[in-house]
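Data block below; observations after.
Letters are used for the chains, namely A, B, C, D and E, taken in the order the chains are written, and counting of residues starts over at 1 for each.
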Amino acid sequence: MNLLIDLTLLTGILAIAATSLLSRSLFQSVIFFILLGLTLALGWIRLGAPDIALAEAAIGAGITGVLLLDTLGHLKKTGKLDKDEHRPSYPRLLLAILSSVTLVVLLLWAVFHQPTPAIQLHLLVEEALPDSGVSHQITAVLLNFRSYDTLLEVGVLVLAVLVGLALQTDQHQQDSLPGLPNPLLHACLTLLVPAMLITSMYLLWAGSDRPGGAFQAGAMLAAAFILLHLSGIKLSAQLSHRMMQFGLLLGFTVFLVVATSSVIGGRPLLAYPDGGAGLLILLIELALTLSIGLILLSLFTIANSPPLSSRSGGSNGH
Amino acid sequence: MDTNLIFTLGGIGLCGLGLFGFIYHCHLLRRLIAFNLIGNGTFLIMVGFAQRGQGVTDHVIQALVLTGIVVAVSATALALVLIRRWFHLKGSTQLPEDDAS
Amino acid sequence: MIHSSLLLLTPILPLILAALSGTPKFKAHAGKLALIAVIPAFLLSLTHLGSNEISWIEMPALLMGSLWQIHPIANTFLLFTSVLWFFSALYAIGYLQADKRSSRFWILWLLTLSGNLGLLISADIISFYGFFAFMTFAGYGLVIHTGKKPALRAGRIYLVMAIIGEMLILTALFLGSAATGHTSIIAQDIASAIPESNHLNLILFCLFFGFGVKAGIPLMHLWLPLAHPVAPTPASAVLSGAMIKAGLFAWISLLPLGYLHSSAWGMMFISFGFLAAFGAGIVGILQQAPKAVLAYSSISQMGLMTVTLGCLFLKPDMTPIMLPLLAFFALHHALVKGALFLSVGINAQYKSIPPLLFQIGLFVPALSLIGLMGSGLQGKLLLKEGLYALQIPGIVTLVTFSALATTGLMFRFLWLLKGEREHSQPATQADSYMQMAWAGLLVVGLLATSLFGTGLESKNLIHYPMEYIGMLWVPVIGLACALWFVAHPLNVSIPQGDLVVLFEHRLRFPEQSNPTQANESTDNVALVDWKDKDQQPSPSASIEIFSRSHVAALLGVLLLVANLIVWLY
Amino acid sequence: MNMILSPIPWLLVIPLAGAVLTMLIPLNWRSPASMFGLLTQLLASLLLGYQVSQYGTQIYAMADWQAPLGIALRADGLATLFILMSSLVATACALYAHLYLNLTKRGHFWPLLWFLWASLNGIWLAADTFNLYVGLELLTFAAVGLVAFASDERSLEASIRYLYAALLGSMAYLLGVALLYGAQGTLAMDSLAETWHWGPTNQVAITLILGGLLLKTAVFPMHTWLPPAHGGALTPVSALLSALVIKASFYILLRFWVEFEVYRHLPSLSQLLGVLGAGAIIWGGWMALKQTHLKMVVAYSTVAQIGYISLMFPLLTAENSEASLMAYHGGILMLLAHAFAKAGMFLAAGNLIYCTGKPDLASLAGMSRYRPLNIFAFGLAGVSLMGLPPSGGFNAKWLLLQSSFLSGQWWWIVVLLIGSLLSAAYIFRVFAYTYQETEATDSFRRPPITIELIALCLSVASILLGFLSIWPVNVVSLPGPFMEAMP
Amino acid sequence: MNWTDSLPLAVLMTSFLAATIIFMLPEQKHILRSTINLGAACIKIILIIFLIQAVLQQNYPEVRLEVLPGLDLILRADSLAILFAGLSSVLWLFTTLYAIGYLENSPNRSRFFGYFSLCVASTMGISLAGNLFTFLIFYELLTLSTYPLVVHRGNTASIKAGRTYLIYTLTGGVVLLLGVASLYALGGDIAFGDIERTAALVGTWPELMTIIFILLIAGLGVKAAIFPFHGWLPTAMVAPAPVSALLHAVAVVKAGAFGIVRVVYDIYGIELSWQQGLLYPIAIIASFTILYGSWRALQQIDIKKRLAFSTVSQVSYILLGISLFGPLGTIGGLVHLLHQGLMKVTLFFCAGNYAETLGIHKIHELDGVGQRMPFTSIAFTVGAMGMIGLPPVAGFISKWYLGMGALEANMGWVIFILIGSSLLNAAYFLPVLKRIWFNPQQGSWPHERVSNCRDAIPLLLIPALVTASLSIAAGLFASSILSPLGWAELITLREYLR
C-alpha cells in the first residue's frame, strides 16, 4: 500500500515536473511548479520529514510560487512575455539531453552502490539532545549543533534582501502594482490573516518539541504579510524605512549578539551558557521568525517594484 | 523498494529534468524553475539517500534540507529581482545568445 | 734620456701639432707647425747617424707593452723620411697658399707624418701596425685632397687596396705572434720565429702582399699610379718617397731575413721585383701625366729593392751586409724621387728661375735616379756590389738592364714636362717656398752620400772611371730607344693604374641593377641623379657602391686564396 | 590557550557584525565604522597568522560541539595564508572603493563587502562540507550583489549569468555532499577522510563536487560567465571577484582533492583538470588578446590564470613526492600572486578607465605619459601575471616547471611556456596602447593619487612576493591533516 | 658580516631607489631629477670602486635571500661581475648625462628616466647575479624595463618595434627559463662557479645537459643578437639615441653575451664545454653572425640601423672569444665586452648628436658634417676606427686577443673571420668617415636646431668625447693593471687556475 502511494507520488512528481518544464505556457509552468511543491510536501511527509513538508509547502511552493507568479504577472503586463522566446538550438538540446542523462546515470549508479555509512550521526544527536535545550531534534540541530550554518543561512537571506535593496537604489519606490480592490479578498483577509499569525506563532512555539520552527513560522508570517501587501495594505510603506530595516535585521542581529556574547563569556562561538540554551534558542527563534517574515516580504516587494533607471546609479565610475 | 529509495529516485529524476531544462531553456524564468527543480531533486536525494543509508529518520539531514530550502528561496528571489531589472532595462527575458549555461 | 724623449716626441709631436693646427689660433700657421713636426725625428736620426747604438724606450702600459727603438737601418729610414717630409712641407706651404681647405690638409699631413715616423721607430708589431694604419688612413685624405673626380677614384682604389693590405698584414701578424708561442709581439722575435711556424708560407704570403700594397709590387700596385698624379704635389712626393718605403721597412723588420733560406720565396720576390722593374718601365713610358710616369718609376725602383730582398732569401747569411745598402738605396730613391715630384710643381714656374738652373734642377735628379750621378750613382753601385757578392747568376745583369727602364721613364718624364711648359699650362707665380724646398731637396739628394752615407764604405768613382762607363751603356741604349720612339710615336697609351681599369669595369657593371640600391626611396635616387649631373658627383655614393658589394667580393676571393693556402700547406 | 584570545571567531563575527552595522547606521557613518572593522580584521588575521605559525594548526569547535555532530573550524597553514591574503586584498579594495564610490554607492557597498568577507573567512576556515555549501552560497550572493551593483545593463547581464552559473555549481556541490553523507553519514571533512572508501557513490560525489566547483571557479569550458561578470563590475568589485571570490571554490576543490586523496585514486581526473587548465591558459590568453575593452582583457586573463592554477592538480599526482610538493607550493603561490596581481591590475585598469572615461583600449593612447604611476602599477601586476621575474607569479611558475620536470610530465611545460608568452602578448598589447600618442587633445580626468597608490601597493605586493615566497611556502607546509594527506 | 657584504645590494639599490624616486617626482622637477640621476650614478661608481678593491683582495661580497626552499637569490661580486658592473656604471653616468641633454624640452622625462634607472638596476642585477636563477630574474626585468624605453616615442613605428622587441626577447626568455628550470630540476640550485656539480651532472646525463646548454645559449642568444635571433635589434632603433646607446652598448646585448659567458665559464666550465664539443658550434654561429651582421650593415642607409647591424656583428666577437678554448680567447671575449660597449656607445652618442643638432638620420646626409660638428665627428671617427680594429683604439686589442686565442685553440680559420669582418667594417665605416670629413656639404642640413654652439650642445658632446677618449685610453693603456684588458686577464687567470 505504502509502496503504491510512494510510486504514485513518484510518478506524479516526475510528471508534474516534466509538465512544468516543458509546458508551452509559462503561466502553466509556474502553476505546475507550485503544484509540484505541494506534491513534494506529501512526499516529505512520506519520508518522515514533516518539518520539511511544512517548509516546502510554505516556502518552496508558497513563497517561491508567489514570487514567480508575481514576476510572471509583471512580465505579462508589459506584453512581451513570449515574444522573444525562440526555440533553443539543436546542439543545445543535444547538450541538455546528454548532460541530464549522464547525471541521471551517474546518480543511479551512485545510489545503487550505497555503502553502509560508518557514522550514525542520528545516534550522536540522540545522545546530545538533552544538552541542547530543546527536545525536537531538528531544532536542536538547526539552532544548537549546527547553529553556525543557520547563522550563515540567515545571513544569506539578509544578503538577498540587501542585494535587492542595493539594486533598488531609491528607498521610496512606488509599487507598480496597485492594490487589488477585491472585496472578497478583503473579506477573506480579515479572517485569514489572524489565523495565519496564530499558526505562525504556534509553529514557532511547537518548534521546540515537534515539527515547526522559526523558518516555517517565518514563512507563514511572510505569507500573511504578502497577502496584506497584495490587498493594498503595505507594510513596507507604513513602517518607516529605518524600522523596516531594523526588523529585517533583528533576527540576524540577535543571533549574532548571542553568538558573540558566548565568545565574550569565554566559550566558543555560539555556545550557549549552561541551562540557558532553551531560552536563548527561543529568543533567537522569535527574532528570526519576525525577520524571516519581513525578509520574505521584502524580497517580494523588492522584486515587485521596478527599479530606478540605471542613469541614477553609478554616477561615479563604471 | 522502500520509500527512501523511491524518493531518492524521484530526486534523481527531478535533478535530471531540472538539468535538462536549465541547459535547454533560454528563458530566464524557465531556467529558474528548472533550477528549483534541481534543488528539490537534490533535497529529495539528500533525505532519501541519507535515510536509506542510516535506516532511520535522520534529523540532521532534514535540518540541512531546511537550510537548503531557505537558501533556494533566497536565490530564487534574488534571481527574480535581477530578471525583472533586466527585463525592465532590456525588455528581454533571456540573455544575449552568446553562450549556453 | 734625451733619446727617450726624442723617441717619444717623434710620433707624438706631429700628433700634438695636428691637434693644435685644428684650433683657430694656429690655423694660419699650420704649415710652419708641419715643419717643426719633423724636428724630433730629424734630431733623433742625426744623433744616431753612423753609430751602431740602439736606443729604445719601453712602455709596458701602452697598448700591449710597446717598445720603441731606433737602430741603424731604421735610422736611415727615419733620416730620409724626416728630410723628405720637411722639404715637402716647405713646398706645401707655398703650394697650398691659395687653397681654402689647407687647414684640413695640414691636419692630415701631420697625422700621416706621425704614422710614418712612428712606424719607423716601432719595434713591436702592435704600435707598428697602429702607426702603419694611421699613416694609411690619414694618407687617404691627402690623396683625395682636391676632391675632384679622378682624385676620388684614386682615393677609393687606394683605400680598398690599403684595407686589403691591412688585413693581410694583420693575418700575418696574428700568425707571426702565434709563432712565437703567443709570448712576444716584438718584430724581431717574430721575424726569427716565423721559420718555425706551421703557417710559414701563409705568413710570408700575407707579409709579401700585405706590405706589397705599400711597396707597390705588381698586382698590388694598382693604386700607386692613380694616387700619385692626383694628390697634391707635396703629398705625392711623400707618398712616393717616404710612405712607399714603409712597405720596404716593414719587410725588412718582419720578414725572416737571415733566418730562412727558401729558394721558392726568393724567386718569388725576385721575379715580382723584376716584373715591377721592367713592367712598370714599359707601362710608365706610355703614360700621359708626368706624375704618373714618376709613380711607375717608383714601382720600378721598388722592384729593384724587392729583388734585393729576394736575394736575401737565397743567401741569408749576407743579410747584415745587404740591409744597410738597401736602406741607403731607399734613402737615395726617396730623396731623388721627392725632388722629381716637386719639380712637377716647379715646372709651371720655370719662368721665374734662371733657365740653366732650372734645367740642372730637372736633369740632376733624373740622372741620379738612373744611376749616373750623385747619390744614385753611389746607391746603385753599392747595391750591385752587394748583389755581386751574393753570387746569384743573372741578377746583376738584370739590375743593370733595369736602368734601361728608368732611363726611358725619366726621358718620358722630362719630355712630358717640356710638353707642358710649351703647350698647356700658363706659367704661374713664382713661389719662394716651393722653390726653396725644391732646391733644398735637390741639394740634399745630390749630397746624400757625403751627408748621410757615413756608415757605408763609399767608393769614390773617380778612382774607377771604367766602372762609370760600364754603367753608362745601358742608359745610352735607353736614350737611343727613347729618341727613336720620339721620332716614331706609337700612339699607344695605357690608362693610369693599368689593371685596375679592367677590374673596375668588370666589377662596376652589375651595380646598375643592384636591387638594394633601387629600393631606396625614389626621391633619394633623384637626389643622386642631380648630383651626378652637377659638377660634384656623388663620389661617396659610388664608393659605397663599390665597397658595398665588391669589397665583399674581394673578401671572398681573399678568403678563398687564404684557405687554399692553408689547405695546400 | 584561552578561547577568548583565539582570533578565529572574530574573523567571522567582525565581518558579520560589520555587515549588520553598516546596514543600520546612516550612510556617512558607514565608512568610518568600516575602517575600524578593516583594522580589527587585519589585526585578527595577523594574530591568527602568528598563532598558527607558532602553535600549528588550530581546531575550533563551533558551539562547543565536536566535529561529526557540530561544526568545526580549522585554521591550518593553508587556511591562514588565505585569510591573510583575503584580508590584505580586501582591505586594499575596500579602501579603494571608499575613495572611488560616491556616498550612496559606498553605503550599499560596505554591507556587501562585509558579507563577502565573512563568507570568505568562513570558507577558508571551514572543515565541514555542508558549511562550505552555505558559505559558498553566501559568497555567491554577495558577489552577485556586488556585480549587479554597477546597475547598468552589462553588469546586470553579467550578474544574472554569474548567478545562474553559481547556483548550478552550488547545487551540484550540494548533490555531491548529499551523496557523501548518504555514503558515510558525516559531513565533517576530518571524519569523512577517516572513513573514506572509494565506492561508486564517492566517486560520483567527487565528480559532482568537482563539476560544481569547476563551474564556480570558471575553469575553461565553464568560464563563459566570468569575463562579463568580472569585466562589467565596478572596479573594486572586479578586483575582489577576480582576486578572492573565484579562489574560494578553488580552495574547496583543493581541499577535497588532497584531504580525500582524490589525486591518488582518480589520477585521470587530475589529468583532465590539467587539460582543462591548459585549455583555459590558451583560450583565455587568446581571448584576452582579442578583447577591445580593457577590463575584459583583464577578466580573460583571470580565465587563463585559473588554468595555470589548475595545472597543479595533475602535478600533484606525481610519484615523486618532492615534485608534488613543489606543485602544491607552486599552485598556492600562483594563487596568491594572482590575487595580488589581479587586484592590482583591475584597480589600475579602473583608474585608467576613470581617466579616459571610456572602457576601450584605443582610448588609452597617451596614458603612459599622463599617468605613469598607474601604468607602472599595471605593468608590475602584469609582470607577475606573465610570470616574469621577479614576481610571485614567476616563482610559482618556476615551481610548476620544476615539478613538471621532476614528475616527467613535460607536456605541462609546453603549456606553461606558451601561456606565459600569450599573457605577455595581451598585457603588452595594452601597454602598446598606452604608449601611443595621438593628435587628439587630452581630456583626461585626474584620479586622486591615493587610489593609484592602492593599485600600486597591490602590484608591488605581487612583485615582493617574488622575494618573500619562502614565507607563504613555509606557512602552507605547516603540519596538519592537509599536509599529512599530501603525497 | 663584513660591511662590504652589503655592497652588491647597495649597488643594486642605488638605481632602484633612483628609479622609484624619479617615478614619484612630478614631471616638471627637471633639476631635481637630474640631480638624483647623476648623484645615484656617481654613488654607484664609488660603490663599484669599493667592490673592485674588495675583489682585488680576493674577497667576494655576497648577499643571499632564500626565495623558495632550496632556491636562493644571490648577489655576489666576483671579478667577472665587476667587469660588467663597472662598465655599466660608468656608461650609465655618461648615458644619463647625454640623455639629460638629449631629452631637454621633450615630454615624458619622468617616465623615461625612471625606466632608464630601472634598466640600469637590472643590468647591475645581471652582473652581480650569483646563480642562474638570480640572473634570470634580472634578465627578464631588463626586458621589461627596456620596453617602455623602446616605445618611448609612442608613434606607430616605435610601438611596432616594441612589439618585435618583445616577441624576440620574451620568447628568448621563455627558452632560457626552460633551460634554467630544467637545469635546476636536474641539479638543484647551482651557484656560478660551482662547476664540479655540473660536471657530475654531465657525467650522469650527457645528452640532457647538452640540450640544456643549447637551450640556455639560444635563450641568451636572443638578447646577444646572434644570427637567427638578431631581428629585434635593428628595429629597436626607433628609440631615442640614449636608449639605443644603452640597448646596444651596455644593457641588453651585453646582458645576453654576459649570460653566455656565465653559462660557459661558471656553469659548465670552459674545459668541460670544450670537452663536450659545445664550444665549436658557438664559434661557428658567432663567426657567421659576425660576417652576416657586417654584411647587412653594409646595406643600411640609416645611420642607426647601420650601427645596429654593426652591433649584431660585434657582439658575436664576444661569443667568439668565449668559444675559443684558451686564456687568450677568453681574454679577447671578455675584454671586447667592455671595449665594444665603450665604442658603440660613442658611436650612438654621435649618431644622436647628428640627429639632434642637424636632423641627420641617413648616411648620405652626412656630407661635410665634419666641418660643422668637428668634435662629434672626431668622436665618431674614433669609434669607427675602433670598430674596424685599428690601434690604438680599444677594438684592436680585443681583435688581437681573439686572433691569438683562435690560434691557441687551433681554430685558425677564425682569423679569416676576423679579417673578413674587419674588411666589412672598414667597408661600411670608411665611406661614412669619408662623407663626414671629405665630402662638401650638400645643400642645407635636414633639420638644424638653432643654437649658438658650434657643435652639439655640451651635454650631448661631452659624453661622446669622454667615451671616445675612454675607448682610446682602454686601447692605448691596455697593459696597465686597471684597464679592461688587465681586468679581463685577472678574471681569466682565476678562471683557468680553478
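Note that in this section a residue touches a chain if its C-beta (ideal position, glycine included) is under 8 Å from a C-beta of that chain, and two chains touch if they have at least 3 such contacts.
This structure is a prediction, so every number in the text was calculated from the model and none was measured.
Take chain E out of the picture and the remaining chains divide, by touching, into A, B, D | C. By the document's definition of touch, common neighbours of chain B and chain D comprise A. Looking at chain C and chain D, the chains in contact with each of them are E. Greatest centre-to-centre distance from chain A is found for C, with centres as Cα means. Of all chains, C has its CA centroid at the greatest distance from the CA centroid of chain D.
Averaging the CA coordinates per chain and comparing them to the mean over all protein CA atoms picks out E as nearest. Across the assembly, the chain pair joined by the most C-beta contact pairs is A-B.
Note on chain placement: the centre of chain A and the centre of chain C lie 111 Å apart, centres being C-alpha means.
Averaged C-alpha coordinates put the centre of chain D at 41 Å from the centre of chain E.
Mean C-alpha positions place chain A and chain E at a centre distance of 71 Å.
Shown for chain D are the residues in touch with two or more other chains, namely 130, 134, 137, 141, 144-145, 148, 153, 175, 179, 181-183, 185, 187.
Across the assembly, chain E contributes no residue that touches 2 or more other chains. Multi-chain contact residues of chain B, defined as those touching 2 or more other chains: 15, 22, 45, 49, 52-54, 60, 64, 67, 71, 74-75, 78, 82-83, 85, 89, 100.
Every pair of chains that touch is listed here: A-B, A-D, B-D, C-E, D-E. Looking at the complex, you find that chain B touches chain D at residues 15, 22, 28, 31, 35, 38-39, 42, 45-46, 49-50, 52-54, 60-61, 64, 67-68, 71, 74-75, 78-79, 82-83, 85-86, 89-90, 95-96, 98-101. Note for the complex: chain D touches chain A at residues 2-4, 8-10, 12-13, 16-17, 19-20, 23-24, 60-65, 68-71, 100-102, 104-105, 108, 111-112, 115, 118-119, 122, 130-131, 134-135, 137-138, 141-142, 144-145, 148-153, 175, 179, 181-187, 191, 195, 197, 199-201, 203-205, 207-208, 234-235, 350, 353-354, 359. For chain D in complex with chain E, the touching residues are 329, 365-366, 368-369, 372-373, 376, 379, 383, 388-390, 394-395, 397-399, 401-402, 405-406, 413, 417, 420-421, 424, 428, 431-432, 435-437, 466-470, 473. Of all the residues in chain C, the ones that touch chain E in their complex are 22, 60-65, 104, 126-127, 129-130, 133-134, 137, 140-141, 144, 147, 155, 159, 163-164, 166-167, 170-171, 174-175, 177-178, 182, 199, 516, 520, 524, 527-528, 531, 536, 538-541, 543-544, 547-548, 551-552, 554-555, 558-559, 562-563, 566.
Of all residues in chain A, those touching chain D in their complex are 106-107, 109-111, 113-115, 117-121, 124-125, 128, 144-149, 151-153, 155-156, 158-160, 162-163, 165-167, 169, 245-246, 249, 252-253, 256, 259-260, 263-264, 266-272, 307, 310, 313-318.
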